[in-house]
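Next come two complexes built around chain A: one with chain B, the other with chain C.
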Partner chain A sequence: MTTKNFFKTPSSQTFLIIVLLLLIAPLFLSVFRINLLGKFIAYAILAIGIDLIWGYTGILSLGHGVFFGLGAYAMGMYLKMEAAHGKLPDFMSWSGLENLPTVWAPFSNPLSLALIVLVPALLAFIIGYLTFRNRIRGVYFSILSQALSLIFVVFFIGQQAYTGGTNGLTGFRTMFGMPLATDNTKYILYYAAIFLLVLVYLYCHFLVKHRLGKILVAIRDGENRVRFSGYDPAVYKIFVYVSSAVIAGIAGAIFVPQVGIISPAEMGIIPSIEMVIWVAIGGRGTLIGAVIGAILVNGLKSGISESFPEVWSYFLGLTFVIVVIFMPEGLVGLVKKYASKITCPIKKRKATEKASSVN
Partner chain B sequence: MKINFFSKMKKSATITMTALFVSSALLSGCGNSQVSQSSDTGTDSKDAIKVGILHSLSGTMAISEVSVKDAEMMAIDEINAKGGVLGKKIEPVTEDGASDPAVFAEKAKKLLQQDKVATIFGCWTSASRKAVLPVVESNNGLLWYPVQYEGMESSPNIFYTGAAPNQQIVPAVDWLLKNKGKKFFLIGSDYVFPRTANKIIKAELQAEGGQVVGEEYTPMGHTDYSTIINKIKEEKPDVVFNTLNGDSNVAFFKQLKDAGITEKDLITCSVSIAEEEVRGIGAENMAGQLVSWNYYQTTDTPENKDFVTNYKARYGQDRVTDDPIEAAYDAVYLWAAAVEKAGSTDVDKVKEAAKDLEFKAPEGTVKIEGENQHLWKKVRIGEVQPDGMIKEVWSTPDPIRPDPFLKTYDWAKGLAN
Partner chain C sequence: MDTYLLQIFNGISVSSIFMLAALGLAITFGLMKIINMAHGEFIMIGAYAAYMVQNFFSQYLPASFFNFYFFAAIPASFLLAGVLGWILERLVIRHLYGRSLDSLLATWGVSLILQQLARSIFGAPNVDVKSPDWLNGAFLVHPGLQLPYKRLFIMLMVIACMVVIYYLMYRSNYGRKIRAVMQNRAMAASLGINTRRIDAYTFAFGSGLAGIAGCALTLLGSIGPTLGTNYIVDTFMVVVLGGVGSLWGTIAGGFLIGTGNTTLEFLTDATLGKVLVFTLVILFLQWRPKGLFTIHSRSLDE
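Presenting the complex of A and B:
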């Protein structure tokens, strides 16, 4: 797939329009809204990663909050060390620690930010290797991923002296010396989030449009057939699972400085399921659906909860039910259906034209 | 070729249209409150002063926080009925923290930056307070926090109207040592408050000749206590100091009773169980057990009689008042008094005016300690009654000075920096 072709697919065109709108959004929205939109972009990055494994490869992970959390904690630990100015971070002293634990020591160095991708990648590799090699899949994998999420939440809460417990990590002041509270920094972080979104989208786009993408879809639709054709599905699944975990880690890292907190509540089972819902609503198996779903659902969530703080969750629940019943393919599926109704006759003609030219 | 071009045009036009529709719907959703925002210029608009109410109205914490929100709304209405503050009505802007710290941070930002509220009344869990803290500090806003907590904090932008550890846990341990025995068993939910509270208790027991015979934590929402109850039976402590939270208490006290252990065999002292929680646990399951707070519905002051009557009249005769509810009610009055005294809602001026401010609260007179923005409070040990009310069995004669970092206790040296 060349760059020229990239602009030809409707989903990529839509993505370009969304990015364009996001780029000019600061002209219309207040700093607070931009900050909020920045958070949604972090979620959109995460959703692309989930779509990659669920929509394309058929691996339903209900514990992706873990990878998001690990990336976020790595960023949070770095920011916390910066805020502590060489002293012991505040929560450690009230949890009874006197010296900086060894796991925290590297985080005074910006190079430690590499851990944002390395830790999720390593964990995903270990989990992926053990499960996919042993042909654990389908609902068993989903249950396993939930257990993973539960284990991490309990572990992070229990290790209060090292992780801040339920409170999580908060009270960040600066990032690379820039005060986080200023409008300027918020704009920089917002554009950084857009940049990462584009990067991750391009990576996944080229991944799924290449031969590899075809194998992923084949694994989704008939893993045994793929195996009998001489491919080892485990290798592909591990690779795509690690990719997805790294993307989640990146999303977590850009989430933290914008939101100002990471706590075990963000990596639990419920947020992990919510992440899958974004993809379902947007339309799985289409990268653009994940982006639209994440931004739209979270935008609605914020908007409705501000207008109806007491009953907003019912509205949102109802929306989910309606989408699941009437739009099983998500928003993108709905649009595709209508679009094909309009362009169907022309498309057919085009297809025959193309076929004849190939032959 | 022509057809090809046309189809492409049409297709991309459809896509563009939908994309525009979706994103415009999104942006309009985002900008929704922005339109209304442009009309108010700040905290001192013509006829109303906006204040934020930020509690969990959904999620696991809603059950506790809704009644606290109710108390704040009642105080606001009472003040408004008497003419408001600085001659203006108080206008509450309610937001749902949804039991999620990150949502608390987002909504606090929204209240301060979009709505430009003069102050926020809100939070319950330490996690939510810790999430809001950097937001109020960086925006120079105000938060009034109504719940007892683990201490070790004193933000210049937060007023703490619940108890610091030295106004609840420390005197309770002291009283139990003198009256109930030296062997303590510590049980708590696995989160920051119980863990920090138990660190404090262990240091205190060590200094005052007590002994810890067991320390157990269970995850939030845990409901099987048979193993822990067996351990308690084996160790035979004089006191079980209980920092369990939420549903776990129901299971713990029921299973304790089922195991044939009553208050006659073993006394428990809880610091997260007030009248509201007793209703959920069932008074029959924990009658005779001890709790430690600063206020009970039965507290005998003229202010409390009115407070309880009004609260029940407003929200129903079956509702109860308790410590956090009362502390939240006090917070609104204290803020209003500080604003009156300062003649402005400016945060720095309000903070200055709040120093040493007194209020005749339902729990008795409370005073803001200027140094750490906590309240001077009386400590009360209470016994749960069969009717679900709590009877005071002991109290300090005077309000205790708040000491969130336990600086005045020699044994607490290593606990805070």
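Presenting the complex of A and C:
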């Protein structure tokens, strides 16, 4: 795919419009709102990663909160070390630790930020290797990934002296010497989030538009046929799972300095399913759907749940049931359907329907 | 010595709760291939049904009857959870046969709604259900080893449920129809079985079993709207470990996870124990991806 073609597809054009809107948003919104929007962008990055494995490859991971959390904790540990100024981070002395644990030692060095991608990648590789090689798939994988998320939450809460327990990591002060509380830093982080969003989008766009993307979709629609055609689905699945985990880790890393806290509550079972919901509502199998879904659902959530917290649960639950049953393609699918009704004349549409039914 | 015997007893006791919670799931997930994430909420509904029966007995009936409320609570829990399960099947589940992953997501939406509903009706804080007097106290094997009646009673409930399920599934006409539909839907339909009705009843039955599990849980502690979420992952692991679609597998899986949990928690600590159990289950599935008891099939896409 050349850059020329990139601008031609409606979804890429929509993405460009969204990015432009995000870029000029600071002109209209308060710093508080921008900070909130920055958080949603982190979620949008995460959603793209989930869409890559669920929407394209058909692997439903209910444990992506773990990868998000690992990236976020790596960033949080770095920020915590920076805030501690060479001393022991505050929560460790509260839990009675006297020396810095070895796990924490590397985080005084900025190079340790590479762990944001390395740790999720390694974990995803191990899990993916064990499960996909053994042809554990479908709902079995989903249930295992959910157990993974439970394991990590229990573990992180249990090891309070090393992870901060239920409270998680908070009380960050500076990042690379810039104070986090100032408006200036918040704007910088916001633009960094947009930059990462564009980067991740382009990477995934590149993946799914190439031959690899076709194989991913083929694995989703008929894994055995792919195997019989001489491809090893496990290799592709591991690759895409690791990619997705790395993307989740990046999302977590840009989430932490903007929100100022990371706790096990962000990586549990419920947030992990909510991430899937964003993608489902936006439209699985289209990258733009994931972006729209994440920003829209979270925007609505902060709007509705601020004023009517009870209504939000009903609304989210009901929306989800309706979307899954009646519009599996999500909002993007809905728009596509109506757009094609308006743009192409009836005869042409019938022809395209015929052609698509043959496939 | 007594400590170890007590550990074994606790292990069996925890196992029995897992089994009870997982039996309903073994039917909806194992036989119907529906991943019901709202299964935990049906447990919660059963628990609240027991709570309502208890309130009814203490308010409207003479005090002497109160001790027997639990015998009314068990069928009430089964019926309320079963009826709600039937409604759920009619409204939502029937659109989702053959779409396992979608059923998982849609029922998760349902679980959100049910939890919020419980919160609106009964309030967010936990409520207590008072156990009948005759269940307080313990069976004294010898001093130092006491087996609480409540836990023994729950074990009896589990055994009773298993017997009923066994007869229903393997010895009755209804069970034969269920198994026929699950094995080959089209063939069953052509032989005159009303598959839609079977689907609805089976799902309702599975949900009702979850209700009984909830009723049993009221004996062990206070209940709240999120009661079910604590059990959902464990029960799914029980079914996966045991082998999907096999009732024996569910019993074995419940036993292994329950005793594994208590033993490892006893040997290490509460958090590490849980982590170890799940890690072991994941590793076990490397060796036998289909679980302990597998149903052999030549079909490629299970």
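Going forward, the second predicted complex is superposed on the first by the 327 of 359 C-alpha atoms of A that agree within 3 Å, B and C clash if a C-alpha of one lies under 4 Å from a C-alpha of the other, contacts with A are read in each partner's own complex, and residues count from 1 in each chain.
Throughout what follows, a residue touches a chain if its C-beta (ideal position, glycine included) is under 8 Å from a C-beta of that chain, and two chains touch if they have at least 3 such contacts.
The structure displayed is predicted, hence computed values, not measured ones.
Applying the stated contact rule after C-alpha superposition, one finds that A:235 touches neither chain B nor chain C.
When the two structures are aligned on the shared chain, A:118 is found in touch with neither chain B nor chain C.
Once chain A of one complex is fitted onto chain A of the other, the partner contacts of A:170 are limited to chain B, with no touch recorded for chain C. Legend: residue contacts after superposition of the two complexes on their common chain; A:273 is shown touching chain C, with no touch to chain B. After overlaying the two complexes on the shared chain, residue contacts for A:60 are found with chain C alone; chain B is out of touch. With both structures placed on the common chain, the touch criterion links A:97 to neither chain B nor chain C.
Shared-chain residue A:202: touches no atom of chain B or chain C. Greater residue coverage of chain A by touch, when chain B is weighed against chain C, goes to B. Within chain A, the residues touched by chain B in the first complex and by chain C in the second are 154, 157-158, 310, 313.
Contact residues on chain A toward chain C in their complex (touch as defined above): 58, 60, 130, 134-136, 138-140, 142-144, 146-148, 150-151, 154-155, 157-159, 224, 269-270, 273, 276-277, 280, 310, 313-314, 316-321, 324-325, 328. Interface of chain A with chain B (complex): residues 10, 13-14, 17-18, 21, 25, 28-33, 35-37, 39, 88, 93-96, 154, 157-158, 160, 165-168, 170-172, 180-181, 259-263, 265-266, 292, 295-296, 299-300, 302-303, 305-307, 309-310, 312-313, 331, 335, 338-339, 342-343, 346-347, 349-350, 353. Across the complex, chain A is touched by residues 3-4, 6-7, 10-12, 14-16, 18-20, 22-23, 25-27, 29-34, 37, 57-58, 94-96, 98-102, 105-106, 109-110, 113-114, 125-127, 130-131, 133-135, 138-139, 150, 152, 190-192, 195-196, 199, 217, 219, 414-417 of chain B. Every residue of chain C that touches chain A in the complex is listed here, in rising order: 33, 35, 92, 95-96, 100-102, 104-106, 108-113, 115-116, 119-120, 229, 233, 236-237, 240, 269-272, 274-275, 278-279, 281-282, 285-286, 289, 300-301.
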